[in-house]
Amino acid sequence: MVTGTIAALQKTAADLLVKKTVDLVIGYGQSPLGDIVPLFIRKAEEAERLQWNRHCTYNLVRYLTDREVIGPAGVGPEDRKADAQSKDTAAGKVAVVVKGCDLKSLVVLQSESQVRRDRLTVIGLPCPGVTDKGGRLLAKCESCPPEAYNPREGLCDLVVGAPVDETGGRPVRDGSFQEIEEIDALEATERRELWDRYFSRCLRCYACRNVCPLCYCKECVFDQHDPRWVSPAAGVATNRAFHLIRAYHLAGRCVDCGECERACPVGIPLRRINRKVAKVVEESFHFQAGLDPEAKSPLVLFSSEDPEEFIE
Amino acid sequence: MRIVEQKVLAKLVQCCLADSEIIAPVESEGRLYFQLLDPEQGLVELVWPEVGDSAPPEDPLTVNSIKEFFFPRRQELYEQRPEGIIPRTAPIEQKRLLLFARPCETRALTILDRVFLGETQDDFYKSARQNTTVVGLHCLRPDRYCFCTSLGGGPFGTEGMDLSLTPIAGERFLVTPVSEKGEALLASLSGQEAGEAEQKALEILRNNAEAAIRRRIQLPEPKTMAEYFTSEYWKEVSRACIACGICSYLCPTCHCFDIVDEGYLRLRCWDTCSSDTFTRMAAGEDHRKQKHTRYRQRIYHKFSYFKENFDTHSCVGCGRCTRHCPVKIDIVEIVNGIGGLAAGGGKP
Amino acid sequence: MSGNSKNGRKLKIVGFLCNWCSYAGADLAGVSRLQYPEEIRIIRVPCSGRINPLLVLKCFQEGADGVLVSGCHPGDCHYQDGNLYARRRMLLLRSLLTYFGIDERRFHMSWVSASEGKKWAETVRRLVEDVKAADAEAKEGIPVW
Amino acid sequence: MPTQIYTPYAARIEELRIETRDVKTLRLVFQDQEVGKNFSFQPGQFLELSVPGEGEATFCLVSSPKERGYVECSVKRVGLVTEAIHRLDQNALVGLRGPYGNSFPLKNMEGRDLIFVAGGIGLAALRSLIRVVLSRREDFGSIRILYGARSVADLVYREELEQWQSRKDVDTVLTVDPGGETAEWKGKIGFVPAMLEKLNPDRHSATVITCGPPIMIRYVLAALDRMGFDPQSVITTLEMKMKCGLGHCGRCNVGPLYVCKDGPVFTYAQIKEFVEQIL
């Protein structure tokens, strides 16, 4: 990646802080061990710690609904009182660094009124695709549509860096769900075996949920005690219920940022669950998530044309 | 110490399959996991350690630690039916062989022992410990996350093992008994007694491995820890934390759990202090509502409270928590940071 | 007709019925003395739109062999369009159940109006047959959920 | 042999007493008489009580250890398990395991003036001790019981309160929060910590034993601080989320202490450092 982009990014962040447009910039930094980490900057002089390279996989939009990060007067939908009381105009205003895929999750948050866009400065970065630590392009980048390589102008406040028009080794996505169709084509017992093998490994660490930019519920259904919908004890049956419900709650919302799958310590191919849902939503309800901040989730809508072959 | 060929060891393991459960590293989609070997499949799945520089795995350690074979993540206790109580899990009577456990993890067993075999003994844990023979494997290629040497362990440590293996060239192992159980096992392994040359080779391997571990955790004085308890520092360092349970669940020494009901079945399952439901009481009170207080609890429990109660830190430096953290929160960096603050005269 | 599983256990099937159409339809079947399998346990709900997919999953988790969701025909919903929301939800739920290898014959949805006593009896009969077939073909030792 | 340490004994609800609209006291008898005979405990200890299919929760023993053949627990309806307990009828079976935890340091209290300061259901945690102390009245100096609740309707152990009030050798002061009084209310009106300060106990001769809602304990401790009490002679019993009762599950860990094993009874001196964290 061009180092010029990093310098420009650092300057942009410093400017935003100096001019008091925002009082927090969420971006990427580097740990002393050399790992990319989320970075939270409040002082202009810290902006030089901002990084941007092909290991910047995290979807930082996740932190926009985390009250312990953005504070009570942050970009969240509530606490307008705290907001009004604050004399500091920058207080609670946040800038966030996003890639094209991350931006889609922000679009969903907007459509669900979870962020106050006017308090948020979105810094888009054209992305040539990100890689794992072994240098392999992430699977999500392989299915990234070219229009998402560059953050959509109208949705960002600022774009830093030259647009990416090369595929960067990425296969150009044909919009198919081939890997899902392969599973669909299996016998029921084979599918059961396939998924149960993965589910038996699940530790119920909830990293997939907690890392997800769209899992912002104040009280998650899995944390409810009464009724207890799914036992918190890991086990194939309880884990299957957990994964079904998790994916279901993201129906028509998941933008395939791939964070859940990346975070999963035991290698459960969570995108293959999310994309199955996306496939159904696309084919049956003709909807794609993350494109339109005004759009409503397909599950709060219906159409008289909805398929009902399965209904007697 | 004896030089044993891999095929001799393999034969022994094969024999054990008949009457024992074998727990060993198994590969799945590029990651290693400790698993019970499928007796039908035999040793096919078993991943043997590699020697030399040829294709080291990305992580030297398995994803999961061996703790789940002593303290299962889901343990059915009993059924409490209106008509009475029906026990579900009996202590382990089956002999078990745990293969290729790394020194950090076997050492972690000795730490868990202090909890589960202390004043009140956990009979399941006890039986699992008694019936398991631990065959440890020395680390030749620690990675950049390892820091066992600054916590009293080392890549050639033997604490918690019955038998230790050091892989050497030519698909052979240097085998050293550590306990009586290990002696007994070694008796059934034929091989040449190691001589001075092997002793020397072992020394070199050990020195190299120890030198490869560059990370050092610098534990602050208890007094310093106490002073910084209320510091804003904890908010800073835990900001990126997503409060998942990866660090606790992969940790070989974390032992917190929950007791829950599934219908009439009561069971024990892992739980984590990072979860916001961990200390929430029925009526909603919670003395650790904020994320940083929960992260702080994890650090203080490991490096202050546990030490005070059990005279050891509840950390062996395996590095799993950082290696697998989705946002790479670094426990070493954070602990060292307290000392750094104190040295710099930072305000507690 | 016997509704036992292959090992002789009585099948447990849960039906969520909307109050206004399907429940009345089932009632009509009863009043008309139409025979239908007894394995179904009916839970009356205000509207099929009320049925949270979590309820269906809870049934399976607690050991149900099959689940039926039944509501008013499109256009007949007492609350205008609750059944149309339900249609979307259940379609998605069914796809996921199937995707995870749960036999799709174990989860049914139907439109049954207050006047369709006969259709109700037929629906339940088919459901129980399907669940039985799924049960018979299930691999030994693999539970429903 | 099953895993023993979590296996409860079956017990039957012999008697159910309704204390307030959300508090019931259960008298529990072990199904196995042998178990019942051998079961002994000290005031301050607690039990894990479980309901089939609903779960397990922690309750302090409210009966006196001298009462044999049964034990008593008071249950306030606040969550899943306590709701389930409230739904139970007489003769229903529950599970009991314990007793767990340490107990009140009776020995250290002998010869001292005792002041019991309780709020709401917090009196449950002191009841066992009060019963023992009253049964050995001559071993102690003066005894005061200061008990308050949100409203008159929230006062527990009504009959017992009357008994205590009628005793000449016990000074029982009842109070309700302002607004919680009724027309007939003859007790005081005001918050417990303020009442305590008004009583102005002698900090040298008295030991204070307190339990109540965390906020009350906090203010009581602060009041005692102001009055110059030695933290060694202030005793409280804490409630914390607990699961195992054995110091294994890590849930009730605060500082180096495990409330289930090192407590629930602590002197103020022991917990002073952590008060901010837990109360």
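Order as written gives the chain letters A, B, C and D; numbering starts at 1 within each chain.
Throughout what follows, a contact is a pair of C-beta atoms (placed from the backbone, for glycine too) under 8 Å apart; a residue touches a chain by one contact, two chains touch by 3 or more.
As the structure is a computational prediction, the values presented were derived from the model and not from experiment.
Q: Any idea whether B-D or A-D has more C-beta pairs in contact?
A: B-D
Q: Roughly how far is chain C from chain D, going centre to centre by Cα mean, in whole Å?
A: Spacing between the chain centres: roughly 50 Å.
Q: So the centre of each chain is just the mean of its C-alpha atoms; given that, what is the distance between chain A and chain D in Å?
A: That gives a centre separation of 49 Å.
Q: Quick check: how many Å separate the C-alpha centres of chain B and chain D?
A: That gives a centre separation of 40 Å.
Q: Check each residue of chain D and list the ones that touch at least two other chains.
A: Within chain D, the residues that touch at least two other chains are 79-80.
Q: Quick check on chain B: which residues sit in contact with 2+ other chains?
A: Those would be 258, 260-261, 263, 268, 271, 282.
Q: So which bits of chain A are touching at least two other chains?
A: 225, 228, 238
Q: Throw together a list of every chain pair that touches.
A: Pairs of chains that touch one another: A-B, A-C, A-D, B-D.
Q: Given the complex with chain B, which residues does chain D contribute to the contact?
A: Going through chain D, the ones touching chain B are 1-8, 10, 50, 52-57, 78-82, 92-93, 95, 214, 239-241, 243-244, 246-251, 253-256, 261, 273, 276-278.
Q: How about chain C: which of its residues touch chain A in the complex?
A: Touching chain A from chain C are residues 53-54, 57-58, 60-61, 74, 81, 84-85, 87-104, 108-111, 123, 126, 139, 142-143, 145.
Q: Note which residues of chain D are touching chain A in the complex, please.
A: It comes out as residues 79-80, 83.
Q: Spell out the part of chain B that touches chain A in their complex, as residue ranges.
A: 28-31, 33, 58, 63-64, 73-74, 144-145, 235, 239-240, 242-246, 248-250, 258, 260-262, 267-272, 275-277, 282, 290-292, 322, 324, 326-330, 333
Q: Which residues, counting only chain A, touch chain B once they are in their complex?
A: My answer: residues 31-38, 40, 58, 62-63, 68-69, 133-134, 201, 203-207, 209-211, 223, 225, 228, 231-235, 238, 259, 262-263, 265-267.
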